[in-house]
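As written, the chains take the letters A, B, C and D, and residue 1 is the first residue of each chain.
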Amino acid sequence: MIGPRFTTNPFDDDHLHEECAIVGIQGLPDVGAHAALGLHALQHRGQEAAGIVTSDGDQFHAHRDLGLVGDIFGEKSVIEQLEGTMAIGHTRYSTTGRPNLRNVQPLFADFEFGGLAIAHNGNLTNALSVRHDLVCRGCIFHSTTDTEVIIHLVATSTGGTVVDRMVDALRQVEGAYSIIALTKDSIIGVRDPSGVRPLVIGKLGDAHILASESCAFDIIAADYVRDVEPGELVVLDAGGVHSHRPFPAAPKRFCIFEYIYFSRPDSMVEGVSVYEARKRIGAELAREAPVEVDVVVPVPDSGVPSAIGYAHETGIPYEMGIIRNHYVGRTFIEPEDEIRHFGVKLKHNANRAHIAGKRVVLVDDSIVRGTTSSKIVEMMRNAGAAEVHMRVASPPVSHSCFYGVDTPDRDELLAAKLDVEGMRELIGADSLSFISIDGLYRAMGEPGRDADAPQFCDACFSGEYPIRLTDQENGNGNSKQLSLLADTA
Amino acid sequence: MIGPRFTTNPFDDDHLHEECAIVGIQGLPDVGAHAALGLHALQHRGQEAAGIVTSDGDQFHAHRDLGLVGDIFGEKSVIEQLEGTMAIGHTRYSTTGRPNLRNVQPLFADFEFGGLAIAHNGNLTNALSVRHDLVCRGCIFHSTTDTEVIIHLVATSTGGTVVDRMVDALRQVEGAYSIIALTKDSIIGVRDPSGVRPLVIGKLGDAHILASESCAFDIIAADYVRDVEPGELVVLDAGGVHSHRPFPAAPKRFCIFEYIYFSRPDSMVEGVSVYEARKRIGAELAREAPVEVDVVVPVPDSGVPSAIGYAHETGIPYEMGIIRNHYVGRTFIEPEDEIRHFGVKLKHNANRAHIAGKRVVLVDDSIVRGTTSSKIVEMMRNAGAAEVHMRVASPPVSHSCFYGVDTPDRDELLAAKLDVEGMRELIGADSLSFISIDGLYRAMGEPGRDADAPQFCDACFSGEYPIRLTDQENGNGNSKQLSLLADTA
Amino acid sequence: MIGPRFTTNPFDDDHLHEECAIVGIQGLPDVGAHAALGLHALQHRGQEAAGIVTSDGDQFHAHRDLGLVGDIFGEKSVIEQLEGTMAIGHTRYSTTGRPNLRNVQPLFADFEFGGLAIAHNGNLTNALSVRHDLVCRGCIFHSTTDTEVIIHLVATSTGGTVVDRMVDALRQVEGAYSIIALTKDSIIGVRDPSGVRPLVIGKLGDAHILASESCAFDIIAADYVRDVEPGELVVLDAGGVHSHRPFPAAPKRFCIFEYIYFSRPDSMVEGVSVYEARKRIGAELAREAPVEVDVVVPVPDSGVPSAIGYAHETGIPYEMGIIRNHYVGRTFIEPEDEIRHFGVKLKHNANRAHIAGKRVVLVDDSIVRGTTSSKIVEMMRNAGAAEVHMRVASPPVSHSCFYGVDTPDRDELLAAKLDVEGMRELIGADSLSFISIDGLYRAMGEPGRDADAPQFCDACFSGEYPIRLTDQENGNGNSKQLSLLADTA
Amino acid sequence: MIGPRFTTNPFDDDHLHEECAIVGIQGLPDVGAHAALGLHALQHRGQEAAGIVTSDGDQFHAHRDLGLVGDIFGEKSVIEQLEGTMAIGHTRYSTTGRPNLRNVQPLFADFEFGGLAIAHNGNLTNALSVRHDLVCRGCIFHSTTDTEVIIHLVATSTGGTVVDRMVDALRQVEGAYSIIALTKDSIIGVRDPSGVRPLVIGKLGDAHILASESCAFDIIAADYVRDVEPGELVVLDAGGVHSHRPFPAAPKRFCIFEYIYFSRPDSMVEGVSVYEARKRIGAELAREAPVEVDVVVPVPDSGVPSAIGYAHETGIPYEMGIIRNHYVGRTFIEPEDEIRHFGVKLKHNANRAHIAGKRVVLVDDSIVRGTTSSKIVEMMRNAGAAEVHMRVASPPVSHSCFYGVDTPDRDELLAAKLDVEGMRELIGADSLSFISIDGLYRAMGEPGRDADAPQFCDACFSGEYPIRLTDQENGNGNSKQLSLLADTA
């Protein structure tokens, strides 16, 4: 190839990615500005697009675009047109194809009974078959999101109230979902019966707020109240919070990866501090896989809390052995003579003076494809490390997620192809250890994993999927062609 | 008010505006580029947005945006993604609220049977009542266009073929329409039974083309073949042009204003040269309303052909007494000390040296609100004209159009409020005459208007509407609120 | 070649192009808005860039950009930052390389004595040699315009006042120039001693205005007062207009092409109506080169006045045989199968119904390369014309202009390569005639061209250059490399 | 105030800001891409604008714009036009007024001897008086940067070679400067005789590289060779590195704040690891100002290394008590009901679960205005901290910097107004301590500060300015009005 090449999306390193964050606010002035702040605090859950819909009690107002929250909602004129005191918002990490404006949530539709906007975190596992049925009935889809099937199920429901129609719709879908919906005078929040994705309730004066994580409350000085329960539907209106239990009871299976990587360390989810959980995982990892070294080095930024836990447990000094450059543009041109591991270097640099001659244990939160890990290890060696050991604060990721997380196809997952020794060899470390799945459960305060009734969803490690994968079973799982209209920029 | 003000949209002078133009091409390479050229030739029918959808026989490809055709389709990358050999295109003059991307045609939808794109020129007069029924059945509308009801009627039809479904859908709507639709392997064209709006068929080698006017053929070196007949549906595919007659016969009522202003002078519509028609109207006007003056001055550019006809008929010299500036940006800032008739001066200037001391007859095609006319008359007087007479190449516009033309509300139409003498006084001319309605019909080659069965639609002059106005009768005619989602930029 | 191609700059048809227009306003509120309007009226003299500099009596304020005046100055925020009551403005048609922001005028510089902005219409014929001397003295140039040498000559002058320094600077340059300069409290206007380019003085209340043509006065309701005389320098300040005569007397040689094409027909330049001049040229052409035809057809828009003159003189009907599409985007993609004469068709279309079977005489203002003419003739033939004759309202253009007009190199000028019969053959007309140079002078009211002391500059026809071409003589005329910094977009 | 407000520039927290970074590369292919990467690694030294100029041995090529390096140089077309194998680059943190394109470096000029581009880190302390002299000699300045005086001094020098002229120019200026210049076939690097700002030399194969810090070498896999010495001028060309010593010797006074905050922790400057220096400062601070607490919490990200040093020295657990959100858009709208300390919350959030009930010592690198500190302390208290102590890894900043660092005016510096107890009270901490100036020097490996000949420049702490402040002495120091042309966006 001749001439320089593009290295796109330097943020897209070797991690699983939460696909979405959602917020809902009932009863605040400047509601668009508050919703934008809440989305900003949740930006780590989705960076490709964002939207807010507000209701002024009569009309709805929407703004949606591709990009970061701060760029989309930074214009005063944009915020000011989001009139009213109720809002829902959404940020998105798009999973297939190019990001497309028609898929940016919240979705809005006009129904016989009025307007309704919906924001969804999760993934419906029977969306394709439901969609097919709806199209055959004459429904016209405008997006390729799974969320839109809920819109059409609400539209074709014969339920009397919006809540009845919503419940009617959700009874027909399978999968993981935390949903926030906006009617002209209320906010509806609901979690699937297994409670896979988080959803928390907060309060600011008389106003109530829903959000994916509690860190969205801190930024607007609101207080955390409680989590929406699995299978619970809450209605927020001028009268307060009304709780409904429309679904049959099911075992709770909260996503354990929220603690490992997805959630922000300063959030509380399901009553547990994410930072504390990560430190305990690091400590457990130190007990399971100790190693005689000079320094504990986190792979920044996600490896920091477990590295601190590891260092505290072992007494080995914690050092910033890798420095992260936080200034990153959208794309960068790679010089033709192909500097090795170029992409990683845009963000990371070895702190040579502190690595040279040292025995190093790197602590990272997870290994997915393994692409970054091998570059980081080599970067350490080039900086003169005497030994490079790798400790990973999660078990090997060996299965895809179908519940709202962007996972590579199974054949790209390193742990689906190699055993631990094979992985060690590939990434070039002197030793490599992952926390055990029971160790992970212990760090979460459980005596260990209950094999008959696991306390969390851990399908990405175990392959045990708690919710049926209908579309997968029908062989449609990989069908990305939901519209005959080609995706364009 | 303090500070300079904006004078927006300087093209928006005092005329009725055709709302749309459509094209369809079957069987050409570089079909996106050809469709863009066809739309460019029809740009006078709509300047606010444009779109093209192509089919490559498998997938569909679309690009739609706000702006002029040359700006939207000037990028090579845009044209190249419009793959295939079949295309339909649309330009739009939006009529209500701010232009909105979700209303830009062609509309596209995925159906049980495949994809279908639709481009529409005209207006459905029962769209609101049909829309209401469809929403009650659970249909989700995505735009506020009347055209989308056709999409949903096709989706919910039980017809076996696309053509059956389209006919089924069109039998349920009333109004004026020329429609071009795109399936994966064919182009469908259809005109309403009264044939209010134009639609012509052309040919370039083996390829067939549909367009609102024949000038779209000239730009791509295609030849005019014939007009689609009122009530005719044609299918263009690899096998040629197939004609269907699915609707009951109805009297033809072609829009006479297409000859007065809407169509380009170099087009043939319904077998008649638009330029020739305008010259005959000018000549007839000269016979009906002669005046002793020194020069005949057209109001550029639309008054030119009738002024030439007027000058030829009378032998009075034809002069460019008004010079038009064709460079106009989107907006201009008006100085605070309010120069009189600022907006007109951005485009027009009196040719002082040729006006001073002369008796002038101005020839214009129509008077709608009268705002421009009074400014033009004053501009002539300021330039020193001895007398200023106004002759208008159409009868007084006294009624709104509901068949796809942007008309002011009736109470803004000058002729709905004042008689001719009142209008003359208001615009400040020494004399004012309009062509009579019978004179207009004579210029079109008829012996006069047949009051029992008028040969054209002339509702804007006569108030006789040939197609039922169901939404108007239901009192919904002025309801612009088709969605609870507020329109935004 | 594979794939569609771009047809750029569709306005760039086969004409000579005036390179610039200038305006200056002393003593008006909202002076930025007024200056923008004046530039808009002069947009025909330069479409690639524009700028305005104002003075508030203390500081200067500037805005310059590439594009049309209405686009550059359409934002309220832009206009509002142009504070003060004095302004100068410039529009530019760039002649070499890509348009570059650093060359957009007015130029501004800080001097020992204060600030000064300069706008220039014309071209200095010894700019390169003066520039070379200045660089050797240590002057740093920031643009590649000839105008900047004046800045540096002013800076290094020892004159006591700004006017003294300006006169000192201008005495060292040769060439054609009309210049408007802005000091903190005055406007300076000056024409070269031969008066090649126009410059007129107007008045609006107590304010005085300078402009390239009088049409800039009409748009802001100002009145034409007089022309700045060749070799005159005027100072506009709170005390009125002060006239200086700093240069030795020289024979007046106004550019005759201003009447043929450059100036707007509604302008008065040097006391003569441009429209009237063009009509007289058309009439003289009819007398010199009559032809028996059915219709007189102007090549729009520049051929219209002379065609009217031709038609009046001969009594042959004047018809719009060519229709112009005024909607043109920046670029268009040409389909691969190369439609013949594509570029012309974006703007022009034959009015088939009026051409078929007719003997036609086309009237155009000039022929430069001949590229458009041959396409127009063929367009007429394809539309069925029985005969196509061409009459041209100027003598053959056989020499380049070095006085501020964009002319092709001599070897691209059709008349430099072929005689009239050769040209006729090339463009494919049945007959071709140009007005004679004496006929042209007669149309301008002279008895004929005075060969010893021509009344106008007609170097593009005669090759007689009234002002010395120093850079050409030094063999530097074609040196475009004025900076070692490569031009970029 | 009514309506939401803008909170602009959330990166602009309470720190001194280095104004610039520079790079120079001699002898690499894809030199534009390499230079962009080097600038990206130095982005922390200036975020408002960046530029690169290359030489292909014949012509020069430039691209400069406002924004981040990754955004400015992310387009392949931009990089590809930067032809050649030699480049210099610059990033800039603008200090006064709005950022303005004409001030973006590298500056380029054409001289009698050829082209020359210059990039400058530092500040000339007699720039105004030299500029005044040059303007009186007839020089035209194009920017308001101090750097441009060097351009004009080079232009008016009578030196024989470029290096002679450059030396001649630099002998006439005072101040702090590290400069990289580009001729058509060489790179010139030079540091002022006191060596206030850094400049290092690297090597990649046969190519030589100059940069502000060594981290710019790591990203392109180049190796650090040595620092340019104070007062040394090096020429990089095909023959290697040539060293010159044109200036009289002077005591070395490297800026000690480079170790405290400006430089990246993974850089080596003047042979010392920045990260190591910061850790030693934290340890020294722990010894000087111990406190009995439960956790050591860094103010991220700049407080992290000294907090690690503090924690290691004391044995108190190091915890991420403040979480930083790295996603920040350009602006954010603040809701009207004024959430307290809004700006800080966009970036920082207390890690409540780890703060509640704890005695906390916050470690930050410096306090400038004190605005952020008081918000951070309150954030800790709101999160339930039992005690909040503040330790600062630099002495109180009490004087402005005139050597290329953006410092607030003295009356905005907290330490210029209050003693330590007053500062403690204002920021609301239970205790507050700064490292002593001798402690700081000890951490740098010195026995203490040599009051007679300080080993570093520490004027911001001590008020002792090692280089003369001529413009300040002349009372021109605050004169920002270098041009009569008002700054615009």
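FYI, contacts are C-beta pairs under 8 Å (C-beta built on N, C-alpha and C of every residue); 3 or more make two chains touch, one makes a residue touch a chain.
These figures come from a predicted structure and were not determined experimentally.
Novice: Strictly by the touch rule at the top, which chains does subunit C share as contacts with subunit D?
Specialist: Expected: no chain.
Novice: Have a look at A-B versus B-C and report the one with more C-beta pairs in contact.
Specialist: The comparison resolves to B-C.
Novice: Hey, how far is the Cα centre of subunit B from the one of subunit D, in Å?
Specialist: For subunit B versus subunit D, the centre distance works out to 62 Å.
Novice: Round to the nearest whole Å and give the separation of the Cα centres of subunit B and subunit C.
Specialist: Measuring from centre to centre gives 36 Å for this pair.
Novice: From the mean C-alpha coordinate of subunit A to that of subunit B, what's the distance rounded to whole Å?
Specialist: Taking the mean C-alpha position of each chain, the two centres sit 50 Å apart.
Novice: Two or more other chains touching the same residue: where does that happen in subunit D?
Specialist: Residue numbers touching two or more other chains: none in subunit D.
Novice: Would you tell me which residues of subunit D are touching subunit A in their complex?
Specialist: Interface residues on the subunit D side: 3-4, 6, 28-30, 32-34, 36-37, 40-41, 43-44, 47, 68-76, 79-80, 215, 218-221, 264-266, 268, 273, 275-276, 301, 304-305, 308, 312, 317-320, 323, 325-337, 339-340, 345-346, 349-354.
Novice: Which of the residues in subunit B end up touching subunit A in this complex?
Specialist: Subunit B reaches subunit A through residues 59-63, 81, 83, 108-112, 114-115, 135-136, 138-142, 151-152, 155-156, 184, 482-486, 488.
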